[in-house]
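Order of writing sets the chain letters: A, B, C and D. Residues in each chain are counted from 1.
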Amino acid sequence: MTTAAPAIELVGISKAFGSVQANKDISIRVMPGTIHGIIGENGAGKSTLMSILYGFYKADAGEVFIGGKKTAIPDSQAAIDAGIGMVFQHFKLVDNFTVLENVVLGAEEGFMLGTSISKARRVLKSLSEDYGLNVEPDAKIEDIGVGMQQRVEILKALYRQADILILDEPTGTLTPAEADQLFRILDRLKNEGKTIILITHKLREIMDVTDTVSVMRAGEMTATVKTAEVTPAELAELMVGRKVRLTVAKKDISVGEKILEVKDLSVKDINGVERLKGASFDVRAGEILGIAGVAGNGQSELLEALGGYQKATGSVTYKGAAMDLSGLVSNGQDRRSNGIAHVPEDRQSEGLIMEFMAWENAVFGYHLDPEFRKGWLTDNAAMKTDAAGKMERFDVRPPDPLLKAKSFSGGNQQKIVLAREFERSPDLLLIGQPTRGVDIGAIEFIHQSIVELRDQGKAILLVSVELDEILALSDRIAVMFDGRIMGERRPSETDESELGLMMAGMTKDVA
Amino acid sequence: MNELPRWAEIILVPLISLLLAAVLSALVILAIGENPISALQLMVQGALGSTYGWGYTLYYATNFIFTGLAVAIAFHARLFNIGGEGQATLGGLGVALVCVYIPWPHWSLALIGAMVGAAVLGAAWAAIPAFLQARRGSHIVITTIMFNFIAAALLNYLLIGLLKPKGSMEPATAKFAESTHLPSFQDMFSTADNVLFRGAPANVTFFVATLACILVWLLIWHTRLGYEIRSFGHSDSAAKYAGISPTKIIMITMMISGALAGLMAINNVMGEAERLILGSVEGAGFIGIAVALMGRSHPFGIFIAAILFGFLYQGGAELALWTSIPRELIVVIQALVILFTGALDNMVRMPLQKLFSLFKRTPVSEV
Amino acid sequence: APAVIYDLGGKFDKSFNESAYNGATRWAEETGGKFAEVELQSDAQREQALRRFAESGANPIVMAGFAFASALGEVSADYPDTKFVIIDMVVDQPNVRSIVFNEHEGSYLVGMMAAMASKTNTVSFVGGMDIPLIRKFGCGYAQGARAISADVTVIANMTGTTGAAWNDPVKGSELTIAQISQGSDVVFAAAGGTGLGVLQTAADKGILSIGVDANQNYLHPGKVLTSMLKRVDNAVYDSFMNGENVEPGINAMGLENGGVGFALDEHNEALVSDEMKAKVEEAIAMIASGELKVHDYTSDETCPAIQF
Amino acid sequence: MDLLTLLLILDSTIRLATPLLLACLAGLYSERAGIFDIGLEGKMLAAAFFSGAVAYTTGSAWLGLLAGIGASLVLSAVHGIASITFRGNQLISGVAINFLAAGLTVVIAQSWFKQGGRTPQLVGDARFEPITLPFADAVKDIPVFGVVYNELISGHTSIVYIALLLVPLTWILLYRTRFGLRLRAVGENPASVDTAGISVVRLRYIAVLICGVLCGLAGAYLATALQAGFVKDMSAGRGFIALAALIFAKWRPWQALFACLLFGFLQAMALRPDVLEQYLGFKVNAQLLDALPYILTVVILAGFVGKAIPPKAGGEPYVKER
C-alpha cells in the first residue's frame, strides 16, 4: 500500500459545553478502507467529537482534513458534501414519515418531490439488495423496530454516497444477532473501500471488528493503537485510567423467605403495545436477582410497574400481600411506606429534580413523611440536616445540601439517589442501571453498597444492561427478551455467551 | 451555558428587560409627537403624587396581584394559564350571585361569602381545562383561551337575561346592597378634617391580596403540596416516580390558580363597581402574565410587579385624560414588558452570561 | 371651564359623540373659551374621568351616553358644587341635569320617508347594542313607516348585546346584506360606529340608507336618504353656554324644541321629494301640537308596530 | 330553505370565512414548522390597520395590502427572533404580539388620523372591489347552476379568490414539494433536518415569514375589502377562531378550508337569527352561536371527536447545546 492520505484527520479539536470541557485538543487520523474504533466511558466525549466531524456541533478550536484536504465543516451539509455520513446514538428520523421520505429528506432533486421519491425508491431497492439491508420503503418509522430504523439511517448515509460512515454506539439497542448482522454489513462496506468509525464502549466489539482503535477519557484522547496489538485488559485500563477490578466480595448468607413474588406481569404502553408479556419470578430476602437484557426489552416497564407508576396486569405479592397494580401514582407512596425503595434507571429524568437543591432531592418521594413536617408546613430545617447527614455518609462531593442537583457530576448525583433510597433500610430494593454514566471509583462504591444491603438480608431486584455488572453482583440471573423472562441461571452455571444467546431470544430453556 | 448569579437572575435580568421596554415605549411616545419625560412626570404625579393617585394605583395593583399569583402558581407546575380573564369573569359572577341573592348583615361576612363565591366559580372555570389537560392531553393554553371566550359569552347571556334588573339599559346586575360595601381606603384612613384617598377605589381587598401573597409563598415553598407542585413543574417523569399524581397536581394547581384569578372579583366587582358589569375584568387576566413574568413567579416579585403595573395603569389613565396620548399606550408597554421579560429574556441573559463569565472564570465545582 | 366626556365610540364616530364634539367646538369658537375633553376607552374609566374633572374644577361636566348613569350616581354627591349634565339618561340628583331626547319622534319622521322612498315596500333597521334606548329608535321608525303604508315590511336587527356592538362595522355590513336579501331597500342605522358599515354597504349595494344622530348625509352623497338628527350638539352647546348655572332636572328634547329632526342638505336634495317633505312637515306639526302621539318604547317596553 | 336565502347565507359564509382561512393557513405554515403562533390575531390587526391607513393615504388598495403585509411581517420577525433565535417561549411571545398590535394600532391611528383610533372611510380604489367573474351576468338566469355561479361564486373581492386558491397551493407545497417535506420534518424532528444538512433556523424563519404574509392578507382583507377602513380591535377574535380552526383541521390544508367555512357559516347564521328561527322552530341563543366555535374546539381538543395531534416539535425551541 502506498502512503495514501488519511481519509480523516482531526487536529487539535476542542469543545466546551458551558463549563464542561467535552473535548480537549484531540487529534486523530483514520486511514481509508479501515474500521476505526473509538472507545471510552460514558461522557468521555466520543459523541461530541464525531458530531463535530459531522458538523452538528461547532468546535471551539481545531482543524479537519478530509482525504488530506483541509475542510471547513460549519454544518452537516458540508460534512455530507465531504462524503461523511453519520448514524447517531439517538436516531435522527422523522417518526411519522415513511422510510423513503426520511431517506430523501435533504437530498431531494428539484423542487417537486415526485421524481426524487421514485428515484430514491429505485436506488434504495438496489442498495438494499446489495447490502442485504432489507427495509420496507413505504413503512412509517414509528411502525418499525429499532433494528430496522438503524438500517434506514445507514441507507440514508449510503444514499448520499458517503465514503466515510460514522456509527455512534450502534449496538446499544440491538440484540447480539442484529449486532452480528450489522458487523457483516460494515465489513462489506469496508471491503468496498469505505472508511468506518465505530463508537462503542464494548471491548468485545472493538476487538472483533476494528482495525485501529482510539481511547478517550474525560474529553481527552489517551491513545490510538492497532487493534491487533492490544489486549482487552490494556484497553480497559486505558479507558478508565487504572486497573479494573470487577469482582465484588460477597458473604455467603442463606436466603430467607420470599419477599417479592411476580406472576404473569404484563404491561401495555400508551399505544396499546404489550411491552411486558407475562413475566414471572420471585426475589427472596438476602439475595440479588439480576435481570439481564438488551435495553428496551421490557425492563423499564417492569421496574415502573413494581415501583407503582405503571399500570399492569397479573399479580405481584409483596411479603405475602397482593400489591396494587392499578398504576395510580399514589401506589408509589404506599410502596415506599411499606419498605420498598426504588433507584430508577434514569436519575436525571426520574430520580432527581435537576433544578432542586440537594436537600430537596434527598427527601424526594419521602417528602410526606411526618418527620419532615411541622403542622401544615414542611420542616425545611429538618430536611436540610437530614440531607447533610446522608451526603456525608455516602461521600457525596461536595457535601453541600444547598447546591442544585444539576451542578453535581453524574456519579455524585447517583450517590444522592442511593443515599436517599438506601438509608431507609428497605426490605426490597428495586434498582435499575445503578452505574450508568458513573466512573469507576463510584462504581465500586455503589456495588459495595448494594452488596452490603443484601448482606443485611434485604431482597434486591437489579436491572442492568451491563452483563459484567449482572454477573458480578447477582445471586440469580433472569434474562429478559421481548417482554418475557427467557430463563433463570445461577452465575456459577452460566457464562456470557449463553446469556447473550438468551438475550437475543434464542434458548431451549422454556421459562 | 454558565448560570448567572442568583441576584443577577432575579433582579438584573428583569430590570434590564424593563428598561428596554421603557426605552421602546419612550420612542413610541416620541414618535407620536409627545415628550416622554413630561409624560413620565405626568404619570408619576398622577399615580403616586397624591393619596388619590395611590388609591387608584393600589386598586389596580390589587387586581394584578391576584391574576399575577394565578399565573405564577400555574407556572410553578409548568402550566400556562392564559385563562385568568375568563376565571376572573366567572369569579365576578360568583361575587354577584353571593352579593345579590344573599342578605348579608355585615360587610365582613359578605366579604367572606363573596370570596368563597369568587374562588369556587373561578376554580371551576379552571378545572375543566385542567381536567382536559390531565386526562385528555388537550393543550391547556388553547383550552384556556377558548374558555375566555366562552366565559364572555356566558356572562353576556346572563347579564342581558337572568341577572339584569328590569328596565335597565346596561348589561349589568343591580347595585349590591349597602351592607356588602367594602370599606375603601377613604373610609379606613381618612380623619374628619383630612380626607385621604378621596373617591379612589382602593379598598380592604388590597390587604386580602397581600395576605394571598404570603399564603402563596408559604404554599409554594413550605408545604408538601407546594413541593409536589414544583416537582411536577420541573419534571413530570420524576414526579410520577416519586408517587406524585400528575392529574392531582394539574387539577389542584389549576383550581388554585383559577380561584386566585376569581378572587380578583372581590376587588373590582365588590369593592369598586359594586355590581357586575360586562367586561369588568378589563384584561387584568392577561396583565397577570406580565406581572408573573416580571416577578419571576415569586409572590414578593409579583407584589412589586403588580404595583408597577398599577402605576402604569393609573399613570396611563392620567395621560389619556390630560394629553393626547391614548390609554392604549399602556397596552403597548405591557406588551413590551411581556416580550422582553418573557419571550426575549435570553436576549438579555446571553450577553450578561458572557459578561459574568469574563469576571469569574472558575467553572462549577470540578470534583 | 366646562368639560365633556365622550363615550366609547370616540369623538369622531361621525355620529353621537361627534355631535357632542361639534356642539362643544361651536361653543369654543363662538365664545373663545376652552374646554376639557376625554374619550373613554373603557367602562372602568367613567368614574375616574368624572372625578378627575370634578377635582380639577371643571364645571359643568357634560357626559354623552346613558352608560354614565351609575358612575354619575356615585360621583355627583361627592361634588355638590359641580354641575353635571348627562345625555340620554335620567339621574335624579340635585346637581345633575339630565337631557333625554324623543328619539322615537325623529325616528318616526325618517320611518315615513323610508316607506315613501321604498320601492319594495320593505324597509329595515340596524340597531347597535340591544337596549331599550335603541329599540326606542326602531319602534319609532316602524311606526312612521306604518303610517305611510300599513302593509310595509319592517325588518329590525340588533348588532349585539355588549358595548362592542357599537363598533362592529363588519357585522353591520353583513346584517345589511341580509336585510337587502329580504327585500329591504332603505335601511336605518342607529348603531354608532357599526352604522358606518351599514351605510357603506347600502351605498355599495345601491340601496338607500338613513344616518343617525349627526348629519351623515355627506358620507355617501346621493345615497343617504336622510339622517335622523339628534341634536346632541345643541345639548352640549346649551349646557356650555349656561356654564355653572345649568339648571338641574330633566330636560326632554323633542320635535317641538328642535331636539330631534331630519337632515336635508345638498347631498340628499335629489332624494327627498316634495311629497315626502310635505308629509313629514305635516307630521312634525301634528306631533309638536300633541295631536299625534308616537309611542315611546321605553315607557312600557312594548312596541305596537314591530316585534323585536 | 329556499335557494336564494341559502345562497345569501353561503355568500356571507365565504366572506366571513376568508379572513379565518387566511389566518388559519398562516398558522398552518408556522405550526407545521414547529413554531406555535397564538399571535395570529395581533398580526391580522396590525395588517388591518396599516393596510387601511396606507390605502387611505395613497388611495390604492394594493399599496395598502403591501403595507399590511409589511406590518404583519415585522411582527412575524419579532416572533421569529424571540422563538427561533433567542429560543424564548413561543406562547408568551404570541401573547406579547397580540398586545403589541392591539396597543400600537390605536396609538398610531390616533396620532395619525385623530379619529379615535380609526382610519377614515376608504372610497374608490382604496378598497378592493368585488370582481364579477366571466359570464356571471350571462348565466344568472340558468336555474341552480347559473344562480349559484352568479350569486355565490362570482362577486367576491380578489383576496377571497386568493385565499381559496391558497388551499390547494398549500396542499401541493406541503405534500408534493421539497420545501413541504422539509417544513413538515422540521416541525416533527428538527434534528433530522439539521443532520440532513438543512438549516433549521432558516427553514423556520421562512415558515414564520410565510405566516406573516398570510396574516397580512387576512388583515388587509378585513380593512380594505370586507370593510372600508380600520376600526379599533377590528380583528375581533378572528385570530383565535382561526387557531381553533387549525386545531379542528388537525393542521391540514383541506380540512382547514372546511373548518373555516364551518366557523364562517356559524358566524353567518348568527347574523340571521330570523332564518334560524324559521327553520329550527325555536330561537337560538345568540351568545351560544358566538361561543360555538370555541366550544367545538374544546370538544375536538378533548379528543371526543378524533384526536388532534400537533406537530411533535411544536412549541419547543431547537436547542443543540444545553
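Here, contacts are C-beta pairs under 8 Å (C-beta built on N, C-alpha and C of every residue); 3 or more make two chains touch, one makes a residue touch a chain.
All figures in this text were calculated on a predicted structure; none of them were measured in a lab.
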The chain whose C-alpha centroid lies farthest from that of subunit D is chain A
Between subunit C and subunit D, tell me the centre distance in angstrom, where each centre is the average of that chain's C-alpha atoms. 35
Chain centre separation in whole Å, for subunit D relative to subunit B (CA means): 30
Nearest whole angstrom, what separates the Cα centre of subunit B from the Cα centre of subunit C? 38
Would you mind pulling out the distance in Å between where the CA atoms of subunit A average out and where those of subunit D do? 47
Numbers and ranges of subunit D residues touching at least 2 other chains: 114, 117, 287, 322
Quick check: what residues of subunit B touch more than one other chain, meaning two or more? 1, 156, 326, 328
Mark out which residues of subunit A touch at least two other chains, giving numbers and ranges. 18
Who touches whom among the chains? A-B, A-D, B-C, B-D, C-D
For the subunit A and subunit D complex, residues of the former touching the latter: 17-18, 54-57, 75-81, 86, 88, 92-97, 101-102, 104-108, 110-114, 116, 156
Contact footprint of subunit B on subunit A as seen in their complex: 18-19, 307-309, 328-333, 335-336, 342, 344, 346, 349-356, 360, 364-365, 367-368, 373, 376-378, 380, 397-398, 403, 407-409, 412
Using the touch definition from the top, list the residues of subunit B that touch subunit D in their complex. 1, 28, 31-33, 80, 82, 132, 136-139, 141-143, 145-147, 149-150, 153-154, 156-157, 286, 289, 293, 324-326, 328-336, 338-339, 342-347, 350
Would you mind writing out the residues of subunit C in touch with subunit D in their complex? 9-13, 17, 39, 155, 157, 160-161, 164, 167-171, 173-175, 177-178, 181-182, 193, 196-197, 200, 219
Can you name the residues of subunit D that touch subunit C in the complex? 4-5, 8, 11-12, 15-16, 114-118, 121, 222, 226-229, 231-234, 236, 268, 271-274, 286-287
